[in-house]
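First chain written, first letter: the chains are A, B, C and D, and each begins at residue 1.
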């Protein structure tokens, strides 16, 4: 076996998401497993951790056995031994970071949202294409075990024509000190890029484009339901960003989707994210790790009779899609796809242009909210 | 004890709904129990069954021990021994029937929708008020055991400020012969007054007005998802009416409601109708017969970690609202309220004007659909 | 990060309670975790262990990595590098120990009961206030996970007006050799300060003041139910102190509390300590680690019918308050609060005056017992 | 077999308790089973139902196959074919009823409380003894299956010396319309003889005298916790009687008992009434139908360690006392004992003097409450 080293500049992995998902469970986990075996080649990711606090970087590097850290992004970008630039900084810093990396002839991979506007995101995509850079955007939910199972079910055609889709996301994020342990406080501050529309509609877009069917138009409303929360230091602050959003979406093929996203909801469902698809041939319900189907042959024939307890439990008559092999972490799964794309030019659909579509979808949702009407989902320019 | 006989002209009880809910489970059941005991008075409902097919009427009368049937509505309306007119005809026939009854100085009670337009429904209300007629409209879902429990919970204030409401209604109505046994085919024909918006949004309106909080504005979409169905004689026909509808609703107090109604959905929930309310003090989930609550003290502190199976089952941590006494059929319950209203002038909120609000809500939903925008819910003129 | 060393004279940690709760699970555990992180400062507790047996002290120090031990309290009190004096000696030795520490300008923290009389305890409080000493008393039960959850529930107002409170404490302390392994024999000797009233009513007082509502008056009875026991050396001795006590308490807000404490009881309940609160809005049952609530909406409607097995299990219909985060040891939790109080003047309610209230409550219980009447709970002078 | 007819004047069985427990489940049930077989004799109870409403009496008689009804008590008392007078009227009417029956040389059996004062009850007892009348008072709880099992356990001596007793009675009686279905509204009106002390302390007295050990002294407090309720006609009224009471009781043999009775409590225990007895040889917990014991050999050795979940569940280690034969209704059981007492002079301990003790105990509880002190339980004069 030959080893192909891939140098990766990892920028912004001192934050919780970057640390846990991208470093610990993806790059460090790949290294702990000996790299990515691809035929006779082993891809060996070799990161340099870049950030502002050298102490924190060094502790991270020590913890995960990473050799290099740096607070000097420019010199890292100038170093030819690093081919890939990864960005998990806050949204406001991402655009200049990615732009500099493209200018330095790096391949780029980054968290969502790609940029603060779809125009800016598209410009990054254009620059990357012009530079011939491999490029990708994190779309982790696509690679959750439950959604991969749902993808298999949809791909098999067993559900027939899709009629309706329901996406329910959310849980109760406490507005006292417990909430600070659940999610960072900037998520609830509009001036720091918080808000559930900006956070979730990027995800929703790729779920439509790659799993559920393309969206044609949408109408969205949002609200800031809880007026104040408690931050990481125990201080109460005014919550200024939306913490719940609801949308209706018409799909290109005529189906209708409903999107519910809320941090002010006590879930009475199987998991924190549940997607349901009803089709002419059957229905499926996916959560983070499971997927259940009810084929048309098993559909109960209900009649409305409120006088007596329903003798059919609607939750019976569903059959679980079994695990097929081991499901790795969704972030790691996409990392492996991206690194194979970089190494061998294997196809990779989830590029910066796709990321721009996510930003566009959030923009359209906000436009729909402010104009109080349906808006079309146009092609990207 | 003294007995107060109330003569009731029951028009349109040869249909399934009229027969099962209004005759068998309401009027005949009340008679089987000896009438309605109200203090020292027993109200004794004494119906005449009116319709077009004397044979069917007579068979119904025999089955339920009713003394009189008639195919001559006018002579019944002219008979002073009948004080109440009840109408469960198809919507198109209801308006002239109710109007004639008011003109004949009857008290009137009728199924929903009251009329084919809110203007017509309001005119009926106006005529009834002018005539001094007691009047009422069936709003059965309010009196389902599960929704009565939900009403108790909301009334107690335990949920705090209501943040969001979710209403999910529907089940799979087969588009083959099985479907004809579930629901009549006219429900799927636009030219016969079918369609899920006309059917369900009347119900949704009174749920808002009397249970969930008043609606301020809404946006609605609808679809005819299954193109053809099979009728009662086994013939396939083109389905022309909408069989699924989805709406977002802003409530006056700032909460947001989502409405899902579909006959093309395989439910993966507790029952055919489920209403969820999330509030600052707790949440509740009601179905036809049950209601579960999760007080804020029992709210789990979820964190997003898709790597491992969720160790908290979100369906745990809910406690069921117990039955308090015996719950009679919802239709019968409202019949008893109406007959006491007629007999003793007890208060009765669910009058023709209230029924007009239901028709208005369906009209607004259709307007929103055709104009593709949010519409306000104005006061009735 | 800067480190703030706090020198602590720990007097009396060779006893079981001192060793296990204050040294092993509090101070040593804090040190093992790197100190108390408070913003950018780390509080580093640096104890000297003081006692009479140098050998036992040195063994303890070795076990927990403590640098200094001493049998000379006076010289420790004279050492300016120790700011805090902690006393877990037997009750009779506590008063002179704390008094000397205050005279030596130390901050003081001590076990309960603070002193042998409320007058003496108040005098200690007065001296500490005059000296400007930070001061505190251990009130560990307040910080048990189950009681913290109960405090959250009560604080949320969900229980409405509190109607009644039931406190049940106790378990079977064997009167043969097994009992010596459960509790020290001095607990059962009146002349050594034993007795369940002196032991438990200090705890009960702070539960009222800080959790359940202030007490207005009480009536108490007590008994010495088992006449002899076996001591640590296997010798049978006459038990002279009360081993069971029962009280009724009227709260300021009109609720009634019952207190049961017994070492002669075989518990048939969830845990060794159970507190139940019934209110107009719901009820809660807390034990050491758990808390369950029954909101008023879930209250079953029982009717008395002894002919048939109760078809409602009264233990159903309760929902558990979930863990919110990790619960540290109750003693350690309060230690951290006290050390932050010393370091940063953060608020700390559980001071020597509060400890005097606990001693007062035990005195009032004994007075009620001897006078066989209700006694009022007066304000402290 | 010979048949011994016993004529019984049943006065006051149109009320709920009289009808259900004394007529339906006792006398009518005995008759349905062919009478009471006692050796070669069958005792055949032959009642006349006496009251004020002849219609209600006749309907009751028809329902239960009783031959005679009457509204003329005097003529019934003058009829020698009726040997027994039974009184289940309201308390205020009981005293004159029983007195007239004794004067008419009847044997008497009656509900509790026997009279409105212990002096009056004693006078009834004196009159009955002078007249040589068999006499008895209902003490149904003694004959509940669970309490009979507890009686067997205590009688066996297995619990050793009794150390403490806990009696917990009560459940939530709703203060809205649901409460009227649970209990009659007069229970909550002081001027109609309501109140939980008057209702329950009669029961508690005979539990002490016949089951748990004689009481030497008590202290009691009571409260009216819920200020208003809803009556049988749906009207809200001021609740003026105590709805919760708590007492401490010293038993003659040195044990201590606690009594909790409340209609404002949400039970988290096995049943609506639970009695626990701890003794040197073991403990027992009885409810309406079950009894569990923990012999001393099975007593767990708990140690206090709040850091970890208790690894012994205190509800384990108890073993259920099995049913021994079929347990008839408690009221019927005592009826059979009384009728055998009348027929054959078999012993019967639960006489009018015993009933006077019950009234005395309630009086002492009220005295203790008003004088805020312990009161002794003196011998009856």
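Worth a mention:
Here is the rule we go by: contacts are C-beta pairs under 8 Å (C-beta built on N, C-alpha and C of every residue); 3 or more make two chains touch, one makes a residue touch a chain.
As the structure is a computational prediction, the values presented were derived from the model and not from experiment.
Comparing mean CA positions across the assembly, the chain most remote from chain A is D.
Interface comparison, B-D versus B-C: the higher count of C-beta contacts falls to B-C.
Centre-to-centre separation between chain A and chain B, using Cα means, comes to 42 Å.
Rounded to a whole number, the gap between the C-alpha centres of chain B and chain D is 49 angstrom. Chain centres here are Cα means. That of chain B falls 58 Å from that of chain C. For chain C, residues touching at least two other chains, in rising order: 282, 294, 299-301, 318, 324-325. Interchain contacts give a graph that is no line, ring or star and is not complete, per the touch definition above.
Pairwise chain contacts in this structure: A-B, A-C, B-C, B-D, C-D. Within the complex formed with chain B, the residues of chain D that make contact are 174, 178, 181, 233. Chain B makes touch with chain D in their complex at residues 39, 324-325.
Those residues of chain C that touch chain B in the shared complex are 149, 152-153, 156, 158, 281-282, 284, 291, 293-301, 312, 317-325.
Chain A makes touch with chain B in their complex at residues 25, 144, 163-164, 166, 171-172, 174, 178, 181-182, 219, 221, 223, 225-226, 244, 246-248, 250, 254-256, 258, 260, 262, 264-272, 276, 278, 280, 282-283, 285, 288-289, 292, 294, 299-304, 306-307, 309-310, 314-315, 318, 329-330, 372-374.
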